[in-house]
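We just call them A, B, C and D in the order they show up, numbering each chain from 1.
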Amino acid sequence: MLKPFAAVCLAATFATTAAMAEPKTSVTVAAPWEIASYDPTVAGFVIQALQVMENLVDADETGALRPALATKWDMSDDGLTWTFTLRDGVTFHDGSAFNAQAAASALNRAWKQPGVLQKAPITAIKADAGKIIITVSESFTALPSLMAHATTIIPAPSAFDAEGTPSALIGTGPFSVSAFTPPQSISLARNEAYWGENATLETATYLAAGRAETRALLAESGDADVVFTLDPSGFSHLQHVDSIETAAVAIPRVVVLKVNAGHAFFDDARARKALSLAIPREGIAKAITRFPDSAATQLFPPVLHDWHSQDLAPLKTVLEQAKALLADLGWAMGEDGILMRDGERFSIQLRTFPDRPELPLIAAALQDTWRELGIEVDVSVSNYSEIPAGHKDGSLHVALFARNYGLTPDPIGTILQDFGPNGGDWGAMGWTNDEAAKALQVIASTADPDLRQESIAKVAGILYQDLPVIPVAWYQHTVSINKDLGGVIIDPLQRSYGLSTMFWNE
Amino acid sequence: MTDQTPHLTHSEARSAKPRFGFAQLTGFALLAVLAIGALGGPSLIGQDPAKQSLLSTFESPSRSHLLGTDNLGRDMAARLLSGAQLSLSLALLSVITAGLPGTLLGVIAAWRGGWTDRLIGAFSDAVLALPGLLLVLMLAAISPGSWWALYAGISLTLWVEYFRYTRQRARVVLSEPAVEASRLLGLSPWVLLRRHLIPEIGPGLLTLAAFGAATAVTSVAALGFVSVGLRPPTAEWGVMMTELLPYWREAPFLILQPVLCLIVTVLALHLSVGGARRP
Amino acid sequence: MIYSIEVNALSVYAGKTRLMGPISFNLSNGGTLVIMGETGAGKSLIAQAILGTLPNTLHAKGQITVNGRRVDQMRQSARRRMWGTVIATLPQEPWRALDPLMRAFRQVSEAHHYVGGKKRSLANADTAKAFETLGLTGAEKQLPNTLSGGMAQRVAFAAATAGNAPILLADEPTKGLDAERHTKVVELLAKVPKEGGTLIAITHDVSVTRRLAGEVIVLRDGALVEQGKAIDVLANPTSSYTQSLIDADPKNWPQSEKQSDLAEKRDVVLTVENLAVARSGKRLFEGFDLTLRAGERVALVGPSGIGKTTLLDAMAGLIKPEAGTVTRAQSQSRHTVQKLYQDPPAAFPARIALKHVLKDVARLHKTDWSSVLTTLEKLGIHPSLLDRKPDEVSGGELQRISIARALTVGPKVLLADEPTSRLDPITQRDTLNMLETMAAAENFAVVLVTHDRQIANKWADRTIILT
Amino acid sequence: MTSALMKTVFAALAKRALQALIVAVVVGIVSFAMMQALPGDAAYRIAAGRYGYDMMDAAAADAVRLELGLDQPAILQLWIWLKALAQFDLGTSLVYGTPVIDEISTQLGYSLLLAGGAIVASLLIALPVGIAAGLNPNGIVDRVTFGLSVLFRAIPAFALGIVLVLIFAVQLGLFPVAGFHGPENLVLPSLTLGLGLAAVSNRVLRDSVVDAMRADWRLFSRTKGLSARLTLTRHVLRNAALPVVAYIGVQLAYLIEGVVIVETVFAWPGIGHALVHAIFGRDIAMVQGTALTLGLLYVALNLCVDLACRGIDPRGRLA
């Protein structure tokens, strides 16, 4: 499904000096994500990445699905019933047995919560003698991929209190939780009774450090052995620190500009095209994201190889062309340097949020460039919920955010949400394209790879032409690793921190 | 042994001291420079503080960019001058909005005494116990992107200090024989205020204001740190500190600049109020 | 004969300006020296020069020999080691010289322990003994702010002498004390030479000099005016300045004319009937009656703490009396009762030039500025002084300015609360003389609160003694 | 304990208890009213806080609204909170679904540790520096510390924290960068906050030492024979400490703000950090709970300051 990545296994350089007296058996991982809840739907992505709880289905670092708590899965011929056969002999960390009841109740809970399962056409999730039976109302080939998502991890029944509220972190993974200090830290111990291969490390510590500066210092000082998500400036500094290796992996997350195509300013694709032509992608890639390859030439990055199209010409930055397009649409330069049309100034609000530090910067860059076109932009840096809220009440003009198309190994779930009929909270707004909608339905339901690829190309082409969302930059996942640490696998889907394969070189 | 200074003859003992010391004059000079910078703004150097150049970021100081360029290639000097306008005027604003009600309430409490005093005192205690950050964050959230709300929130937490100081000092002053004498002489409350209270409380209030102005700017920096108050392309010293923090390693001279501006401001305020005694 | 302290041509300079001296004296064990002079005469500089506590801007010349050692040539640290063990110092205003946060007993016992080098138990025992001898029993646990002036003076005495120093320097030891305590402190000091110590007392009070006897040095503007046996000098002063100091002792004041026929000639300006006053809930006295007539001078005499000030406040209408009435004569505004204060600087706004204060009052009461200037002239105040702030003029001048301020209102009654107790004797006499003159000229009554019966007797038409 | 002392202690307790009660009600009402006044839909914010930007959407917001009963009238929600508070129940976090009391109880401990560490650090810095400056006013130490005080007042806590980490953790390797696994973790955050506090309090101490050194009783202590050192330790310090201790009471309010920043920089699981997140996430129960705790903490610490003042100053004049 995903183009195979070269696994980033950083073979450690063997220390030429005398080996340490006692081999290290523990690592400290630092990442920005705080975890303050036991609830898989809230904190699942950390619990999953720390390999405390597992899914029925796993994905390797290439994105290919592989068995986890389910050994195999089958779709009925009509495509309406899925059967997941569960692994035998698996126990939870508290010693209780993993079985179909536990899995079904966990999945049913996840289904009731907001999350990926709610977006799928599921009609029932049932336990049946070592199997999980999921029925769907229409054919949905991406279902196993959903079973690999962070919100569908399987906690032990004992992880819930009497009211069914999650109250502990008990799973089946290679590591069990030995201490939890919300929201900052989790201590892990090796699960000696793991069904698969036991981890080499005996213990591990996860530390949530919200500030990129702190994480960079943690990496540099050696306090943290593996540090995820470094800021561009910190990353470039750490590249020169001897004791650590740095790695950057392209991931399927994209900075996009959501445009309200229902708004009078943007209802013509040419207006959106003009905006796109006035995005300084190279400048942003150089000055803000600091990876030359991160300038988005189309919506889907090469890492989504099924969706990335070699045939599409790279989106360009040509201000003159943008100006011409806007002039075609009847916009004329006003006295204050802002475009006017029918007595209306081209003044818009751009919503973004500070949780990803690069977003306000990119917003500022857009503001400055669009000002040259004659578009006045008011940048509102606020809570990200303002974007779906603005989508719902129609008050949104444009929004800048980062969209992860790799939430599930198969991006179709996300793309279907974003570009289906009526668009989506984090996708198109006021934009409907029947052809694209039909093609997306085909992708979601067909089992025919050729038909699927053909439809994907169609969708990608329409999105490229019509620009319901305008791509700005592709992301790199940045990591720093202690040089003596081996077996580090960086998962572009960010599903795992790869603790179970890490080992210390003598 | 209290006769520290020898009295030569009755009244010639104290020679007139210069009105302002060297330190104080330095303070005034610095304040004047800051005021000129703030009033003139970026137009002083003819640069646009919002103009970006993504291809020439983190430039070292040069003829075209006196203090270099920031992470988006904007002219630092222009941004600092633009920031001076906002930071200083709003620091002034927050000092006024905190100082006036605080002082007024303090005088009223000391003057009226009794229940008025207790009531205002209890209110101020409750306000102090309310996490100031809560008020500021809430006000900032009620009116997102508005500097006025931000500073109003900061003032809301700062007024108590003026209140406490004024009340305590005014109590002492009002109980002095001098005030009793003035009252006996039939002088009006206004005269009491002008001749007794203001001269006694004024210098202390100025010192509080100097501290308060600095607190206001650092508070904005603190708020920026939790992502409140960011509103591109606005330049404000506090926000600039947060915006430039991520580049502290590769371009330390950038974050140093707004910090230095603030240091100079605090220094100027402290020096100019003389003695820098915190009441 | 070994002199325990010998001072030879001691003078104090500020740069090249001589502020004090040169003076010389020799004192042997059991000797007493009294240094006399007005405030500003440089008396305290002698004490500072002997101790080595002169401010950095000043320096001393001359020789100071204590027990054969040249003190002036010693290093500062060595001189400091003599403090408490060789030279003890009794400070002026002892309530300010005691640590406000430490209980009386410990302030003394720490001196016994650390300075006297005694073990804690012995130090405590000796302190207890000292408290008993000095009549301080019961005050052991008290903090300085609850001690009376006289008690504080005795605690300070006990602490200062704990190190058994042979020489005691007492700087204005009677300042601000009432008559009774005044006597007690002088008695205490007089004991020092009797017990073989050496006493150097600095005072402006002739009566202190008289009682301590011994040798006397009279200073004026820092210069030696007269030196000799106290008995001789006081009996036959050779300089007019010494004579004026002696004359300034209330005992030697000429008797003012007692106006005895007021009842017929003058109007009643204030009537006090059956007045009772209380302070913080405690009734101080009751049944006080007083009828004041224009131009009358009444003295209220009583020891500290009896409630004289509270009584005045009730008469001024500043506080409500517990019982009884205070009645102003009809057709008088309430501003016709004015007050003079004990501490003149405290009675003026500290940071404002005096001119503004007087102008405010003149404007309010529609008094001509020139008439204010006339009054000031009568009181001997040059108008240029009005450009200064209260702390830039002397206490005597300020008290006269406050008289002028009160007169601007056109008062009928002037309530004077120990207006001269912080002034030098000569200034005190001059000020009260002026008050007498003005009262007669402007026809207002004066109620003078004082603890000095001599002053009351010499100055007032009649004296009311509060007990 | 003498009865007089008991009395003053009791008076202080009573006064602060009343204040605590007022604080509880005011904090509850104010935080609730302000949360209500915030623009935008609370359900969206709460959903955002819960599910993160990858998972949050309108459907999630609708589910949250339904689950939490946000459609109820505001006054009813406030009443429920106050009623529960009277039974010492702070409710359940809207974002995390855990009882607020659980969240706060662990975080409060860490914040107290940090605040305590900061005060200790500030005293460790301010005491020697302030005394040295005060003993020789306008001397070289005084001038240098004045400059440093200005410097540390103007440097924002986050920048200071990072510089300290660079020096003491990265370059010297003396202390860990972040986290909270042992006492060594407390050093740098405490120092960061403490330096900021000491920047002001050392000047307060300096001023009061200058006053004390000029006091008549200081000179008398010397002339009665006590050495400079004894005078300093037995008299000057005690007197000079009084304004400083009283000033700590004023600083507490600022400490709370500093705690938020420092907790974030040092990845410290404290309550200030939680408050900020709660406000952003419109987690009314958490906002009320943390604000209440911080308010009561302020009252309690002020009580300690009161008692310390009374301990230092037996005159019982300081209310």
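Definition applied: contacts are C-beta pairs under 8 Å (C-beta built on N, C-alpha and C of every residue); 3 or more make two chains touch, one makes a residue touch a chain.
Model, not experiment: these values are computed from the prediction.
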item: Labels of chains that are neighbours to chain A and to chain B; value: D
item: Pair exhibiting more inter-chain C-beta contacts, B-D or C-D; value: B-D
item: Chain nearest the global centroid, as defined over all protein CA atoms shown; value: D
item: Most distant chain from chain D, judged by the mean position of its C-alpha atoms; value: C
item: Where chain B and chain D are represented by their mean Cα positions, the distance between them in whole Å; value: 22
item: Separation of chain A from chain C, taking each centre as the mean of its C-alpha atoms, in whole Å; value: 86
item: Approximate Å spacing (C-alpha centroids) for the pair chain C, chain D; value: 49
item: Separation of chain B from chain C, taking each centre as the mean of its C-alpha atoms, in whole Å; value: 45
item: Where chain C touches two or more other chains, by residue; value: 51, 53, 89, 91, 93, 96
item: Contacts with two or more other chains, residues of chain A listed in rising order; value: 213, 355
item: Contacts with 2+ other chains: residues of chain B; value: 1-2, 144, 245, 248
item: Those chain pairs that satisfy the touch definition; value: A-B, A-D, B-C, B-D, C-D
item: Chain B to chain C touching residues, read off their complex; value: 1-11, 13-14, 176-178, 180-188, 191, 195-196, 199-200
item: List of chain D residues in touch with chain C within their complex; value: 215-217, 219-228, 230, 234-235, 238-239, 242, 312-315
item: Contact footprint of chain D on chain B as seen in their complex; value: 1-2, 122, 125-126, 128-135, 137-139, 141-142, 144, 157, 160-161, 164, 211, 214-215, 218-219, 221-222, 225-226, 238, 241-242, 245, 248, 255, 259, 262-263, 265-267, 270, 276-278
item: Of chain C, residues touching chain B in the complex; value: 12, 14, 19-20, 39-40, 42-45, 47-48, 51, 53, 55, 58, 89, 91-93, 96, 171, 221-222, 316, 318, 333-335, 337-339, 341, 343, 346-352, 356-357, 360-361, 364-365, 385, 388, 391-394, 396-397, 402, 405-406, 408-409
item: Residue ranges of chain D touching chain A (in the complex, touch as defined); value: 40-41, 44-45, 47-48, 50-61, 63-64, 95-98, 103, 106, 158, 162, 165-166, 169-170, 173, 176-181, 264-269, 273-274, 277, 280
